[in-house]
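Listed next: structures, encoded as structure tokens.
Okay, so chain A shows up in both of these, paired with chain B first and chain C after.
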Partner chain A sequence: MKTAMSKRKKALYLMLMYIVYIFVAFLFIAPIIYMVVSSMKTDAQIVSDMSTYKAFLPVGTLTLDNFLQVISKVHFMKFFKNSVVVAIINVPLVTIVNAMIGYALGMLDFKGKNLLISLIIALSIIPTEAVIINRFMVANQLHMLNSYVGLALPTMGYPMYIFLYYNHFKGMPKELMEAAIVDGESYGGIFWRIMLPLSKPICATVIIMSFIRTWGDLLWPTLVTRDETYRTLPLALRALSSDVYIFWGQIFAFATLMTIPVFIIFLLFQKQFIQSLTMSGIKG
Partner chain B sequence: MKGKLKAGARFRFINAQTRTGWLFCAPALVPITMFIILPFCMSIVYSFTNKMLVQKAGKVVEFVGLKNFIKLATSEIAQQAFLNTAIYALLVVPIIIILGTLLAVLVNNSMKGVKILRTIYFSPQIVTMTVVAVVWSFIFSPGPDGLMNSALKLFGLQPQGWLQDPKWAMFCIAIMYIWQSLGMQMLIILGGLQFISEDLYEAGRMDGCNAVQRFLYITVPMLKNTLVYVLISTTINTLKLFTQVYVLTNGGPKGATTSVIYLLYKSGFINNQLGYSSAIAVAFFLVVLMISLFQNKVLGRDNG
Partner chain C sequence: MSLSKKGGVHDSLQNCYAKKAMRQLWKKVMVCVSVFVFATAMTGCGKKVTDPVTTTAQSEAESKETGSNEIGGKETSVKEAGSIKVWVSSGAEDDTYREMFKKMETEMNIVINDEYYPKDELDSKMQVAPVVGDAPDMIIADYLQIPSYYEAGMIELLDDRMTTDMKSDLLQSIVDESTYDGHLITTAQFDSGMALWANKSMLEAADIRIPTSYKEAWDKAEFEDALAKLKANGVKYPLYIRQNKPSSLYFTYMPIVASFGGDYINRDTMLTEGVLDSEETIAAYSYITWLEEQGYINGAADYEDAFYGRKESALALLGHWKYKDHVTNLGDDAILVPIPDFGHGVYTCSGSVVWAMTTAATKNGTADAVWSVMDEGLKPEYINQITDFNGAIPSRKSVLDSKEELKKGERLYLYREQLEAGISVLRPLTPAHMTIYSAMEAAASDIIGGADAAEVLKDTSKSIDDIIVENGWSLK
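And now, the complex of A and B:
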């Protein structure tokens, strides 16, 4: 009798938990569903569904017209290409270059190291956005405006990621390094052949974070690009949504298309990313 | 003799490390020097001049003393920008910390499907802020048929102007950031939670603490380091508010959403006043520095 009671109580508790879980999940995912569903509706359908639950359901006249329009008339592919080129230059460089300095600061012993560490820690709390206008002045002097190089290179060295790598490498076992030295490995070789392969989770974190950052950055591309030629996706979406005539379906289609690559990158590196993210608060 | 040899070997040893060390630092240090440190120094120097972004012909760059800073301190728009940014941070940071902790506690178990839920809670993070802003601006449509207004109507509340209403605009912008970032902060806090040993809770139960007491007296103190990390990183992130403002409101309505970075962008890039913009950058940097030092000092991270 008593066990039956507690069993029922437990089942009730479980059900309650799942209701809470699913309600919260809905809050997080509803705007994304709204975006994807609306990208397949006509503007009239979006407006008429706006005030009901139908906004979240793929009902009524569905069409792929918005996507076709976005690709043919809004030239999505041109902006997409720009964003991809910038990411392909930026993300691998960010991942490797900051890992290299993180390794040097965390594992090697050399003159000036402590000064560099203090500098990096100090820099990692400055929001670099504060110096963005004068960064623009530097880029202008170097004739980097309106180019892929100007979009991708200035954000290459990133103090926060250096700090992340530094903490990671500082925690690596020193014995590993000593053993490699005995085996005749150079300090550079230790990084490329031993330490980097052991650092996959942290690299995955930096890849995802820097990709999300580059893909979504709005401020720097606003300053660097002069015309449509080098315009990236966020800039193009902003232009589309502040146009005189607003086509809602097209905006949602554009937004959906531009979210897909981040989704793919996230799926690829998800496991290692979440693993090292859950560690960052304790270590950071 | 032997000692000398050893010293020589040690010297070579250090030398190779020094060489590799600086060689490995260079690829990151060069862009950092050129695109962070140099602009930072330029900001300090230019903040005392009347330099323009594009110097007008015949106008020479002059030292103007504290003129830019006096203008900054007396300008109503600038005061509003700093105030708006502070309001935004004060809206976002406590909510992220409280809700993030609650959510992390909620998903810190091994129930079926809980891993999928964590991923779902995290998913807004992969939506770029420009997209977030555009999608939420539709949700906050000001008309009586807007999604949020329709939801209000269900509860018998009056429709609001949201982004067009100075009272609500910053609130809407804050909601967007909270929605996007909460899942990520939840994961970080979850990492901290998983480090707390189950024994502590067992001991708490033995001493007759209820769930709320266990949360307040075991979970929260044990989470201190993680929460301070979330606090500092979220604060810095909120202070650089720009994207939502630039995409949705351009600082309006009536300057209610003008943030510091937006003002800095507008005065430097649009209004051509590089000196003034640099002064805003310097003031902003000092404020951020003070907040970081304060948070670090008062909350003090135990280095474990």
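And now, the complex of A and C:
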């Protein structure tokens, strides 16, 4: 009798937990549903459904016109190409360069290391906006404005990623490195052949985070692009609204198309990403 | 020995796992890169651009690669007097400008390289343009951006270029706004029309008097009585002030602030202290709170169509730019009524998108070409082209009569009557304009959200003045 009661309680508890899970999951997925559904509605329909549950439902006349407009009139593909090129240059560099710095700080001993670590940690609390003009002046002096290189290179070093890698490498057994040195491996060889392969979860995390950062960056491209040739997706998205007008349908269609690559990247690296989160949980 | 052997096996296993892990990681990276490369290739293959601006931009990129000086059929690498670069603050009128420039190019044998950027982006680009050295020859932007460029030495004077006849044909509000530091620095094709849009049927159903001239405007008591009647008659939220986009209130709420006796800035000292935080201005903004408390406006509205779509409002504090939406959806029910007199008179406001020549034009030797384009833009056919599209008020008196809707007794006559009567309030002519605009957007948002107007405006005034003083923009 008692066992049956306890089983019923357990089932009830599980059911309640699932309801909470579903509710929380809905909170996260609701904006995406809103975006995708609205991308297929007319401006008038979107405005009329706003602030009602209908905003989340595919009601009214559904059309792909917004997507066609975004592709043919707003020239989505042109901006997409620019964003892709910038991401291709930026993400691998961010992943490798920051890993190298983190490796040196976490595993090697050299003079001034602690000062360097303190400086990098200090840098991470300085907002990008505070140094962007200085960075812009340097880019201008190096004739990097209005180019893919100008968009991708100056945002390559990022204190938070260095700190992530530093923490990761610091926690790795020194014996691994010592054994490799005994085997005649160089520091570079140790990094490429031993340390980097063992840092797969951190690499995946940095890839995802840096891709999202580059993909959605607005401020730097605003300054660096000096004409329409190298404009990226966020700049083009912003042009769809002003004080006076807002092209709702096109904004949602644009945002939907812009989100697809982020999904692809996340799906590709989600296993390592979750693994990295779990690892940091254990360490913490 | 066995331990060492174990260690060796362990190491080789670890190496094996590491290699496998690395292989998998690179595999994923390669898949990713392949997807991007494919997508990029697709965009290249599918490239079919008909838009002139995009064509120009892409051709520019191609010409950089090939070293050609041909840009979309335009010779631009060698700067000529007949080739000018124009930056336009992007808006609903973009396509109209494109058509206009295309026509001018053909008729005037001139090359106009026009590029369109959102307001904030254009402002960022202009601010760093002197450092980069790529300032345009001409800009078309909201006037509020111009004074700071002028103070930075980026705007050319037009006093000697505009004829007396042309100047006297411009609306006084246009001349007033275009005159800064005692000089004419801009031209404009249109001025804004600002009044209350009203739903005629709703007003009639609630038995409310409909004023047709600013001289017959409701006073405060009659306005509040009208709101009460509308509410009692089933109109959910009688007034819509575009509370979902508080940035527009900077402009649209200005006549109400003036009618309460307030202002944004002391126009003599160009500081906000004692004016923005004055009793009168606080009373004007506290009125929003009162309207919300009475249920006359919906502070939580996040939609645009309260007036013309949902019809939950009978009055809307919006300007000429909503003409198309309102007339299309409400037909003859969409009418204009003057903004009420809240104690210090009836006001409207004016302000425009202006055309300005930059000092870069003089350096580039294109000043004459730029002026010829600016002058051409003031021809009736171009003024009509843009005002037919956006419903604004033509900047030239001689063009006003050609507009049916602006004739006496017609739907938009009130706009014209108000501007001709000189009851329009101008936005502050100061380089701190963008600062005030951003600060007031935040202030209006807070007040709509329930914050105390007095507290918010005092804080806002202080923060604006700090910036004004720091930059030396005050006249004190």
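Here is the rule we go by: the second predicted complex is superposed on the first by the 255 of 284 C-alpha atoms of A that agree within 3 Å, B and C clash if a C-alpha of one lies under 4 Å from a C-alpha of the other, contacts with A are read in each partner's own complex, and residues count from 1 in each chain.
Note that in this section a contact is a pair of C-beta atoms (placed from the backbone, for glycine too) under 8 Å apart; a residue touches a chain by one contact, two chains touch by 3 or more.
Remember, it's a predicted structure, so these values are computed and weren't measured experimentally.
In the three-chain model built by superposing on chain A, chain B clashes with chain C.
When both complexes are overlaid on chain A, the residue A:117 reaches neither chain B nor chain C. By the touch criterion defined above, A:198 reaches chain C but does not reach chain B.
In the overlay built on the shared chain, the residue A:92 is in contact with chain C alone; chain B does not reach it.
Once the two complexes are laid over each other on the shared chain, residue contacts for A:138 go to chain B alone; chain C is not touched. Touch criterion not met for A:36: it reaches neither chain B nor chain C.
By the touch criterion stated above, A:51 is placed in contact with chain B and with chain C alike. Of the two partner chains, neither chain B nor chain C is touched by A:172. When the shared chain is aligned, chain B and chain C each come close enough to touch A:223. In the superposed model, B is the one of chain B and chain C that contacts more residues of chain A.
In the overlay built on the shared chain, the residue A:81 is in contact with chain C alone; chain B does not reach it.
Residues 47, 50-51, 136-137, 222-223, 238, 242 of chain A lie at the contact with chain B in one complex and at the contact with chain C in the other.
Only residues 14, 17, 20-21, 24-25, 27-29, 31-32, 34-35, 38, 47, 50-52, 55, 97-98, 100-101, 103-105, 108-113, 116, 123, 125-139, 142, 153-157, 159, 162, 186-188, 191, 212, 215-216, 218-219, 222-223, 233-234, 237-238, 241-242, 248, 251-252, 255, 258-259, 262-263, 266, 270, 274, 277-282, 284 of chain A touch chain B when the two sit together in their complex.
Per the touch definition, chain A reaches chain C in the complex via residues 44, 47-48, 50-51, 73, 75, 77-78, 80-81, 84-85, 87-88, 92, 136-137, 140, 145, 176, 179, 193-194, 196-198, 200, 203-204, 207, 222-223, 226-230, 235, 238-239, 242-246, 261, 264-265, 268-269, 272.
Residues 14, 16-18, 20-25, 27-32, 34-40, 42-43, 46, 53, 103, 106-107, 111, 113-114, 117-132, 134-139, 141, 145-147, 149-150, 179, 182-184, 187-192, 194-195, 225-226, 229-230, 232-233, 236, 239-240, 242-243, 246-247, 261, 264-265, 268-269, 274, 277-278, 281, 284-285, 288-289, 292 of chain B touch chain A in their complex.
Residues of chain C that touch chain A in their complex: 11, 14-15, 18-19, 21-22, 24-25, 28-29, 31-33, 35-37, 39-40, 42-44, 46-47, 49, 51, 53-54, 56-58, 60-61, 90-92, 115-121, 124-125, 128, 131-132, 134, 245, 247-248, 300-305, 309-310, 321.
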